[in-house]
Amino acid sequence: MTVAAHPEQQVAGGAPATSGRRVLRVLLRDRGAVLSGAYLALIVLMAICAPLITAITGHGPNDFDTAAVDTDLGGVPYGTLGGISAEHPLGVEPQNGRDILARIAYGARVSLIIAASATALTTLLGVVLGMLAGFYQGWVDQVICRVMDFLMAFPALIFMIAILSALPQGNRPVLLVVVISVFGWPYLARVVRGQTLTLVNREFVEAARACGASTGALVFKEILPNLRSSLIVMTTLAVPGYVGTEAGLSFLGVGVTPPTPSWGQMISSSVGWYAVDPMYFVIPGGFLFLTVLSLTVLGDRIRAAYDAGEAA
Amino acid sequence: MMARYVAWPAGVVVILFLVCLFTFVLFFTLQPDPAVMICGKTCTPERIDQIRGVLGLDRPFFTQFFGFLAGIFAGRDYGEGANLVHCPAPCLGYSFQTNQSVMEMVVERLPVSATVAIGAAVLWLLVGIAAGLLSAVKEGTWIDRTAMGLALGGSSIPNYVLALALQYVLVVQLQVLPFPQAVAFSDDPLTWFQSYLMPWIVLATGYACLYARLTRANVIDTLAENFMRTARSKGLPPLLTMRRHALRPALTPIATIFGMDFAGLLGGALITETVFGLNGVGKMAADSIAKNDQPVIMAVTLLAAFFVVVGNVVVDLVYTRLDPRVRITSP
Amino acid sequence: AQGPGGTGATGTSATPATGGIVHVLANADFSHLDPARGFDGGVNNFYRLIYRGLTTFGAGPGEEGTKIVPDLATDTGTPSDDAKTWTFTLKDDIFFEDGTPITSEAVKFGFSRAFDPEAGIGSPYGRLLLDAPKDYKGPYLSGDLDTIETPDDKTVVIHLKKPYADFPSALALPNFTPFPKGTGAGGAFDSKPIASGPYKVASYQRNVSLKLERNPHWKPETDTVRSARPDGFEWTFGLDPATIDERMLAGQGTDADAIGPSIQAATVARVQAPQIKARTLSGLNGCTTYMGLNTTKKYLKDVRVRQAINHAIDKDTIVAALGGSTLAEKGTSIQPPTVAGRVDYDPYPYDVEKAKQLLAEAGLSGGFSLTLDTRAQPKMAAVSVAVQESLKKIGIDVKINNIDASTFYEVIGTPAKQNDMAVTGWCPDWASGATFLPPLFDGRNITAKGNSNIAQINDKAINARIDEIAEMTDVNEANAAYGELDKQIMELAPVVPLAYEKLILVNGANIAGAYQHNSYSGGVDLVSVGLADPTK
Amino acid sequence: MSELLEVEDLTVTFPTTRGPVDVVKNVSFTVGRDETVGIVGESGSGKSMTSLAVMGLLPKGAITSGSIRLDGTELLGRPERELRRLRGDQMSMIFQDPLSSLNPYYTVGLQIEEMYRAHRDRSRKAARKVAIEALAQVGLPDPERRVNHYPHQFSGGQRQRIMIAMALVCRPKLLIADEPTTALDVTVQAQILRLLADLRSQSGTGMVFITHDLAVISSIATRVLVMRRGEQVEYGTAEQIFAEPRHAYTRMLLESIPRIDDEVAP
Amino acid sequence: MTLLRAKDLTKRFVTRGPLGSKAEFTAVDRVSFDVRLGETLAVVGESGSGKSTTARMIAKLMDPTSGTLEFDGEDVTHAKGEALTRFRGNVQVVFQDPFSSLNPRHTVERIINAPLIYQGRTPKGGRRAYAKELMERVGLNPDHSLRYPAQFSGGQAQRIGIARALAVNPKLVICDEAVSALDVSVQAQIIELLRRLQRESGFSYVFIAHDLAVVRQIAQRVAVMSKGRIVELGTTEQVFGDPQDEYTRTLLAAIPRINPEWDRRRRENS
């Protein structure tokens, strides 16, 4: 009895690249992914080079320029589009005439660091604890769920204020990240737990168990990849959420201290001006929107690239 | 598995107790003296002590805490002599700033918050899930891209901005809606509806965006399952195929966050209620924080905690309805 | 003093017709309807609609509003020689809303409520001035206040703790409101007040709305102050400030019959249109926004440092932060322009060089750092940043300590918690230095909690001068003396007067008789306002 | 009159990173009314893809060319809306992997009923009756109770029978059965084959029957298509394929059949 | 030598009706058997008779309601931790539903390597090469190692499952209808592979199948199940040559055969 060594048709081509490199190659060919990546890189670069930017334009993030606004009209910027001019490429803040470009650049530092680290931390906690709860059920689930209930039960903002105002001034951004994460992870963890509950009973998990997978491996290597879609959505949307939380807390006096600029604060302070100086909102809002958009597009494309396997 | 259901009521009570205790500790130890707040501009230390005495703030921590707990079950009295006020059984405390029983304040405001929450929830569920489903089905087309672009935009706009912008456009510029007013449904259904419409939209936007994206992501995953092929092979009406077969598996995460989001909103939609001047629990929370009205803060916290915990219980029960496999005995 | 209010009152000065409902749009509900409890410009203005006292402020724009006139009493009282005992006679035909006459007994009862530990949390003058037994705890706990004599139904004899020439002014404050004996225990007035003024509460839903209707037992003949033209008032509470601005600008429906609070800075540019400008009022709110310099702190102990700070602050940027020239004026002296006897002067003009020189003299030219307590609220934060920017120029590094609005006053009012500097404000209880300078600069008033002398200045000369002025029996003389004391205090530079804030009020098109009242933080005088055409 | 199903030059292509791959190449065959055509062949040779192409249910990204005519009307390029009306009603398919092909979230009863209700009778009661009947027909014990069970509560063979029951409720003109009996023991298999034969004789259903069990093919198919690597190796009457196979692969296949009677494990 | 001994294994399922009514169903009823080292025990029987459930129990993927399980002389009924890890290294399973048992988010390479990864083993030459070799042995194109399960046919998916089970050199492989989706020639190849492994490495198999011809080829002993019980257990010759139980006889009688006339003609032709 003879059997052909390769019953399937032979396909030309060399050895397949490792999946990481393959994915990168796929992404590089994707316009959306490249644009998103470029934008994110630009923002990061801008944050790093903020001092350079202010050196070039000659306006620091807190330099008042009362000459650029009309104090008799409540401080509306002179000129069109919120005072956009060669001097102030993105216009000025109403009332005190601070340069928006400089504030955006410096604000990127605070906002992105806080939002990104809080997102990373909540995701980490949420995924790990949520999966363990969903997987073990029984008392582990009980304990984790009760802790989650406990944390979620507090109206988060009230408690963040209470706790943050009691904490020493110390390193505000770090404290903010910690507090936001402590109150933030249960939201994600619950979603993860719910999905884990339904995935645990899938046959492929049983198969992995038969392969000798330890609990940890089952949870993180078999189930986790199947949660990807929800995770991408939740984490990318967490970023604007946390930028907003930071702004809210800062406004309530427990966030980063003024005059440190942050995107969230800029957006919050722009709201009253929506009718008179809409650009004041549009610029930081636009930067934030594009950041989230880029993160989402990138997340989606990476997922698609992994999913596609060889058939992309 | 059965143990989970049995443990619920006990668990809920324990959580609520801990929330109480923690809130109490936090506000007892960390927060400024509410007596100072009440005392006002020209205030003397003696006067502060006097007020503290009236509020019972001079008593030891546990006396105060258990007094509060006892009030919930047995009611309690405040003040003395002619000033005595009685706060009947489910007593969540008494606000000396508004001179009202907190329970009364909550009961007064809960319907508003519930109206806001329910209306918004209906809206965001319908819009969010429908948009997510549509995007998933039309994945990669302009419909998908537009819907998801909007969803991202929507989730990047703070509630506050959206509320004011909406008001500016719909009320001031286009004049299709009046400025929101506090009217009861029974008095004037049309104005009632018009007044709540904007709060609903504002509140629903953020959630709808999240739900749409989540629905889309999960439905896309489900569409790749073999059983979707079976469903299509049956030649069912497309809406039925989508609703029944593709949506159900995507609903687990939706149900989870919906339980939490909705319960959270019953505890008050702080910003939206404030912007539109709705006298709900959220506005009450905001006011009480600004005025450091501790009994009210305590009550709002407890109320929110109660809804969230109950919401989570419901979600857990829903899981087993959503996915029959969850019912199998776990490993 | 210059006449601050009513600069733009042109379009709305027409006399109101009788009838109609005036609507009021408000952000926050009143603190308390019980006049013993509530005490701020907004609520005091409202109290005048439903309550009457022995005296009250005049009804009119400018200085008229700071004059003291009789109300329930036939005159502004007869003092004894040392101004320690005051006798008042009540008018005839004065009634509470239920028809019971207002008697001397009611006056006594109403006054004694200020001593109740629960109720008497409003204006402090009752407790500060009225003579009472040491452990007296108000009528509900301790019974009648025997130190007030009521020889007959129409006569009240009041004994004070110490001589007080300006007592008629203090009586214009809300916690001297008569009430029928035995009423108002346990916060009852907060939901159901007993009216003595032209209106009574028809319905009140906390944080939602308050409706006033005519009090049939109020006799216009007995009241020379309140014209009370409209048939009622209706407040809508809990509106977002931006929404209020939007509504007032649009003026649709009943909003044409509405008045509101001052607009926000962002709206200023939008009220320039002539048709809106015509119904806009603008004027000072009668308060001073200042920065206290904690004189007990290391660097600020040195008067030269404090003076340097005074010179260094660019008040133009402060004004910009407060919303520009339409919403604020530069502050120079401690007392705001609305206070009687105030002297207009500028001891510390903006001068960076001078400031640097002063610092050099103090041996601090190398720069140092100070912490500034600020209320976490956009406007205050903006002011703080402006201060920070200004002081940067003379080498002072300002650290902003943002404090949650609910705890701000506790922090700065507790010397143990207070930092180097704090941005805050002060409004006089009536237009006299008596309610401005002593509370802020009398070193003997420094308390461990609830302190208002945030500079913590305790200067013998100042203390002594305060006592001297308090003893003056001529009110005008006293006011003039306070004006000079202002200068004396500023020489020590314990505070930096930053600005006098202004209000811009946009009224509904149908509003008539609106002017800003100088004793009520520049708000529209409610007892005179009405509708131009109630049938509209 | 045309045949029930005419497949001509069917090619199915998948784009991959290494260029397009034809998984089905120029396959042609016809199925007459009340005729059974067997498809046999190597695993991975494109049998399932061919049948999915007929149903219009190929995975996303697959490109089809050629022609598929049902009752003389072209199916390829038809809008989804029209195909949907045909599916379940005119043609239905039994899928190869029953567990993943059944929706784990619904009872099997509902999954059978919804098909019937979509095309035949909207009433719930009638559908339920039909579902129970169908389950009984495929030999599932205790069908009244088991309609309310979920797929994971069944054995592999039972799930396969559920798939069969589902495909049959509407008595379609064309039935495509993709390895419908692999998980069944021979007695149940015999029962199912009888059921299919009845269906063919009663309703004139034409059938495409894919299996690896050549004995089954020989007993029910009138024509046989042999596939290998996406290509059509041989196509002819059953008798011709089994008695006079022309292609070496067919012959090899027939030689490899394990025989119950001649070989015993050592 | 006995490798695995099952004694009185019983599994009862509780099912809930639509109205919450409960019903109990005994899927496996006091089943006892043993598997010797290097032996193939076939399990045949009615669909729904409890074969897969028994397989799950002996693979320790499902706890029996009652009964005991011994492996290598050790009672593993309640094995945990170390003992369970050892057991997992020795017993592998090929599942009946090919797609469901493959993680849709893993590449084939990752799936096949799963036992190696989870048991911390690295074969000579690395896992990638090893996976490719295994794919080749079960007749899959090794170039497809980075594809996902959905991109394979039913038979190919089944072979992925087989390759995975063989990756760690287990002592016992439980094959639940492991070759049912394969065409006869590939099937023969797989069977040959299994037999070779048995010869060379002493694998034992529990082989669940419906194709009695295949069973006859591969099994030394056969257990026949019906309605949750083993109705007959004996050597292949015994069971096929001289069936004792009524059900076994029906089963044997129902085996479909190619028209003998066609068969004869073909043989003559070739």
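For clarity, chains are labelled A, B, C, D and E in written order, and residue numbers in each chain start from 1.
Keep this in mind: a residue touches a chain if its C-beta (ideal position, glycine included) is under 8 Å from a C-beta of that chain, and two chains touch if they have at least 3 such contacts.
The structure displayed is predicted, hence computed values, not measured ones.
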Each chain counted as touching chain A and chain D at once: B, E
Farthest chain relative to chain D (centres taken as mean CA coordinates): C
Centre-most chain [mean C-alpha coordinates]: B
Chain B and chain D: spacing of chain centres that average the CA atoms, whole Å: 52
Inter-centroid spacing, chain C versus chain A (mean Cα positions, whole Å): 47
Distance from chain C to chain B - Cα centre to Cα centre, in angstrom: 38
Inter-chain centre distance, chain C versus chain E - centres from mean C-alpha coordinates, in Å: 89
Residues of chain B engaged with two or more neighbouring chains: 31, 164, 168, 226, 249, 289, 322-323, 325, 328
Residues of chain E touching at least two other chains: 97, 99-100, 104, 139, 150-151, 185-186, 188
Multi-partner residues of chain C (at least 2 other chains): 242, 246, 405, 407
Complex contact set, residues of chain A against chain E: 1, 3, 5-11, 13, 16, 19, 22, 202-204, 206-214, 217, 221-222, 225-226, 228, 307, 309-311
Footprint of chain E on chain D - complex, ascending: 14, 40-45, 47-49, 59, 96-100, 141, 145, 148-149, 153-158, 160-161, 178-179, 182-190, 193, 212-216, 218-219, 238-239, 242-245, 251-254, 256-260, 263-265
Chain E residues touching chain D - in the complex, by the definition given at the top: 13, 15, 17-18, 23, 40, 44-53, 96-100, 139, 150-159, 176-177, 180-188, 191, 195, 210-214, 216-220, 236-237, 240, 250-251, 254-259, 261-263, 265-266, 269-270
Chain C-touching residues of chain B, taken from the complex the two chains share: 31-33, 36-45, 47-48, 50-51, 53-54, 79-85, 96-100, 105, 108, 163-164, 167-168, 171-172, 175, 178-179, 181-182, 274-279, 283-284, 287, 289-292
Chain C to chain A touching residues, read off their complex: 241-242, 246, 264-270, 272, 316-317, 319-321, 323-327, 374-378, 381-382, 384-386, 388-389, 399-405, 407
